[in-house]
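Listed next: structures, encoded as structure tokens.
In the two complexes that follow, chain A is the common piece, with chain B as its partner first and chain C second.
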Partner chain A sequence: MDWKALSIALGSMAGIGAVLGIVLAWGSKRFFVKVDERVEQVEAILPGVNCGACGFPGCSGYAEAIVTSEATMTLCSPGGAECAHDIARIMGAEVEAVEPKYALTACQGGNVPNRFDYSGVHDCRAAVVPGMGGGIKHCTYGCIGYGTCARACPFGAITMNDKQMPVIDEEKCTGCGRCVEVCPRDLNRIDRESRTVFVLCTSHDKGAVTNKICDHGCIACKKCEQECPFDAIHVIDNLAVIDYEKCKLCGKCVDVCPKGVIVNLRKERRARKQARETAAKEATT
Partner chain B sequence: MEQAVIYLKIIFAAVFVQNFVLSKFLGLCPFIGVSKKRSSAIGMGLAVIFVMTLASAATMLIYQYLLKPFKMEFYLDIVSFIVVIAALVQFVELAMRKLAPALYKALGIYLPLITTNCAVLGVTQLNLEFAKLNGITLTDCLLRSIVNGVFAGVGFTLALVLMAGIRERLESSPVPECMQGVPIAFIAAACMALAFFGFAGIA
Partner chain C sequence: MAFLKTFKGGVHPPDHKQLSKDAAITEAMVPELLTVPMAQHIGKPAQPVVKVTDEVKRGQVIGESQGFVSANVHSPVSGKVKRITECNTPLGTKTQAILIENDGQDTWAEGCNVESNPENLTPKEIRSRIADAGIVGMGGATFPTHVKLSPPEGKTIDTVLLNGVECEPYLTSDYRLMLESPDTIVKGLQLVMRAVNCNNGYIGVEANKPDAFKIMEKTCKELSSSDARLAAVMLEVKYPQGGEKQLIEAVLNREVPSGRLPMDIGALVQNVGSSHAIYQACYLNRPLTERIVAVTGEAVAEPANLLARIGTPIGDLLRHCRFDEEKAVKLICGGPMMGLAHFDLEMPVNKGMSGLLALTDASDWDFRHCIRCGRCVDGCAAHLLPSELSIIGESGRFLDAEEANVMDCIECGACTYVCPARRPIVQWIKLAKQEIMKERLRKAEQAKAV
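Up next, the complex of A and B:
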């Protein structure tokens, strides 16, 4: 056995190890960066889905922004009120209650025919085809139906029904806003739970045109405008628009709309809210 | 002139002919893992270039001044290289965090991923070819290693960014369910590798 070679190898490796170890130890002292421990605590509370609803790059980015007080504590919509409360406890502050928000698609489909055969990529953003006058459907405002929003949803809250329209499950929806970002037609919106009356159409086509191509499109008949006791709904550029400053959510426009364009979600949402509150009560007792 | 040709050959070989990912199949883990978005692919690529350059220089010095004089170059190269590279990257990360926070934000998160990556170790092993050439001065050898390190990193970045571009498109393509995600990415990588084999005869 070559003892000399062995001892040289052992000695040099031990030497390298020792030198590097000392240098690293010195370096970690010399270049020590103080990290606020609250950042880690806040990050542990956040849901960790990195959806970006808060407007920061991921949950860790938001946690850092909270601790450096660049951001308020209520921006996390997947985490909701509970999350904001926990964060407030760490930060030593109180927050007012956060109302849940849900996504909503401002189009009901309504059997709009296609203008041409499309065999391209199965994605709304591709099927909009700007060069061909605005997409494959006859309605250039409405849903294309290739489910880009359903695929983008991080929570599986959007499914496509048999009419190729997105259906939003408000049990799963956290109001993060991913679907709003991806929709090339800008049909999805996020709104507070208590706001329940919506015009589910965005078409500015003339009434006669809309009437011909869509079963559930606003035809600008102005019946809602006449019916509204609060002067809160107006037909602007061939489309009924609700002024939520004035709207009292009475739902009279919903009843008179001949095309079923306006909806009131109050009943369903009230039932769900009650169920949630009873569940919360049971959990606390 | 002759020198310039040699360096050009090294550069072309490092980027295309012996592309680390697509013809040597080294560093496949970051290649698949970090190629989902172009922005992170570029960040990772820059980090790899950085580490490969550092590692090439450091290991060549270790080889010339420690391993070779004590006749340990045949059995202690990989072990000592790993230790030195890992410690070096760790140290640079520490210093960067303190002295250049902006740079740390851009590269820092990728650095720990590649401290002991096989692609980095691979480039240092390839550099040893230069050291075994006859009639080459020490500085020449060191310089060639560094150039090789930089451009091996550039080749890796090229492959990574190309792949990220392809995968961004795959996201919105009708891929069969069983092939979605990594499987289709590997098939795309295989096609890219075939294309890069077109360079095999050159130089």
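Up next, the complex of A and C:
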């Protein structure tokens, strides 16, 4: 073996390594950027799903925004109250209690008949591109039923039922709003837990038309309008709309609606809230 | 044999034109009740200017153009306004529509249907005549013609191309028009050339219509002069030879740069049907109230080329041609490659409906994964990678599609036609385009808010 050639190679490699090492060591000291360690701590607390509900590019972007006081601490809806509380501890600040938010689909029209056969891409957004007929169903306002929202949900909270309608599991839903973004009919909405009365229809078709094609569509009969003691619900352009400024969530409109368009989720939500609170109490004791 | 002019890419679908190519243009029966949609063009829908129970005359403006990129809508018959309601349109949207009860008199409105000599009209006057007559691109794109004829300051047009290619299978309406009324087409072309102040005019005709080519060539020769040089050009039979950018590439050997318009390279393309309508507007003062529709397909017993009033329900035209409702499985407005499938027989004819097809064979889109065979890449007339675009669209990475130049796609459907995995490529491309447009709108709004 040629030891001389080998030693030259080894020696020169070691020399280059040593020089570069020194340069790097000097560089890392010279160009050191001080990262606020709170950014890393906050990022560790955030759920890490990068859903974008806070309006920042991913969890790390939001963490940075919190530390630089660009954003408030309560914007992470998947993390909820617990997350906001932990962030506040790191930041040495107090936060008000965050109320959970849930998504809701404003359509119950699973039985609406079809207008034509469709054999294209099974994606709601693709079904409404110009010229694709605007969805297979007779109602051009309601759910198309190809489950784009279910596929978009990062928490698996949306499933499609046998009528091809999305069902939202509020146990899993964090109110991040991904389903709102992808729905081409703008049917999904995010609202806080305590708001429990909703009109689950968006059809502006005339009452007679809606009556013919949908079992659960607003027919603009105005019974809710007459019944409401607070003047909080009105039929505007053939659709009942609740004015939440005035609404006291009494649920009288729910009882008179002949089509079951208006729903009150108070009972279920109260039960779930109680269960959650008892679980939290047990955890602390 | 000399090589015929053409573009790079393209496919060869069977043309099926023999069904209706020998049927001379006949007038369709005018129905009792016509539904005139307010959105028959790209741009803002027209606004109704008549009220229920108003008497209207044929050619009277019933929908007024809203802004520059919009078009007037005229009453196709004389009669009474019955209702203002909504209807489905061949563009696949719902729009406001005026229902007119036909009185059978067909009285023209004042000043309409009067012969005049447009020799002394200035370019501006020609443009305003065209705008008043509500003329839009009659090949199917329905882009308002007066907008195309008004290039912005600093851009000059040196060549006008008339599109007599009709590369879509089945369609024969432009072909019949070229055979039966070559003079009006060429005179219309001369008007367009005067409106944009240029001396070169070509008419592109595919080689599968030699009789139409011959007659256009003859007429061009007769009407050609030293300050308006006219010629007919025979082009190779290939789809989409009639695409605006493809026609320019074939005839002038110029390529429209990505994201730009034909006017940026000095070219202007008009359909022969639009040219005919321009002739009627300037020589006869007739607004656009009727068009030729090729009613054909295997489920139609007597295929025909019908001169139909705008607003005639498509069901009437199909029944006129003895259409077999049992046999038909698919109804298409336009050609089979780019046309849209429809379900509503009450839907009215609009300004852009070149064909009405009742087909007996509807493919089922039981699609598979892309096998990267590259047939779509060879066939793509816009020189894109449809296979990549379809995969990007399928996985929902729409912004990546923008980088892959999806916005340059002309949606001709050649890729989908040749795909052996039966992938609905164009639908994914349309989806990606739609999402990109939404994103751009969102960004613009954000920028405005800041």
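Just so it is clear, the second predicted complex is superposed on the first by the 281 of 285 C-alpha atoms of A that agree within 3 Å, B and C clash if a C-alpha of one lies under 4 Å from a C-alpha of the other, contacts with A are read in each partner's own complex, and residues count from 1 in each chain.
Note that in this section a contact is a pair of C-beta atoms (placed from the backbone, for glycine too) under 8 Å apart; a residue touches a chain by one contact, two chains touch by 3 or more.
The structure presented is a predicted model; accordingly, all values stated were derived computationally and were not measured.
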Fit or clash between chain C and chain B when superposed on chain A: clash
Touching partner for A:Thr284 - first (chain B), second (chain C), both, neither: neither
First, second, both or neither for A:Ala126, with chain B first and chain C second: both
First (chain B), second (chain C), both or neither touched by A:Leu20: first
Which superposed partner A:Arg115 touches (first chain B, second chain C, both, neither): second
Chain A: partner with more touched residues, chain B or chain C: B
First, second, both or neither for A:Thr140, with chain B first and chain C second: second
Where chain B runs into chain C (options 96-104, 150-158 or 168-176): 168-176
Footprint overlap on chain A, comparing chain B with chain C: 121, 123, 125-126
Of chain B, residues touching chain A in the complex: 62, 66, 70-72, 75-76, 79-80, 83-84, 87, 90-91, 94-95, 97-99, 172-174
Chain A partner contacts - residues on chain C that touch it in the complex: 91-94, 340-343, 364-366, 394, 424, 427-428, 430-431, 433-435
Chain C-facing residues of chain A, complex: 115-116, 119-121, 123, 125-126, 129-134, 140
Touch list for chain A against partner chain B, complex: 5, 8-9, 12-13, 16-17, 20-21, 23-24, 27-28, 30-33, 121-123, 125-126, 148
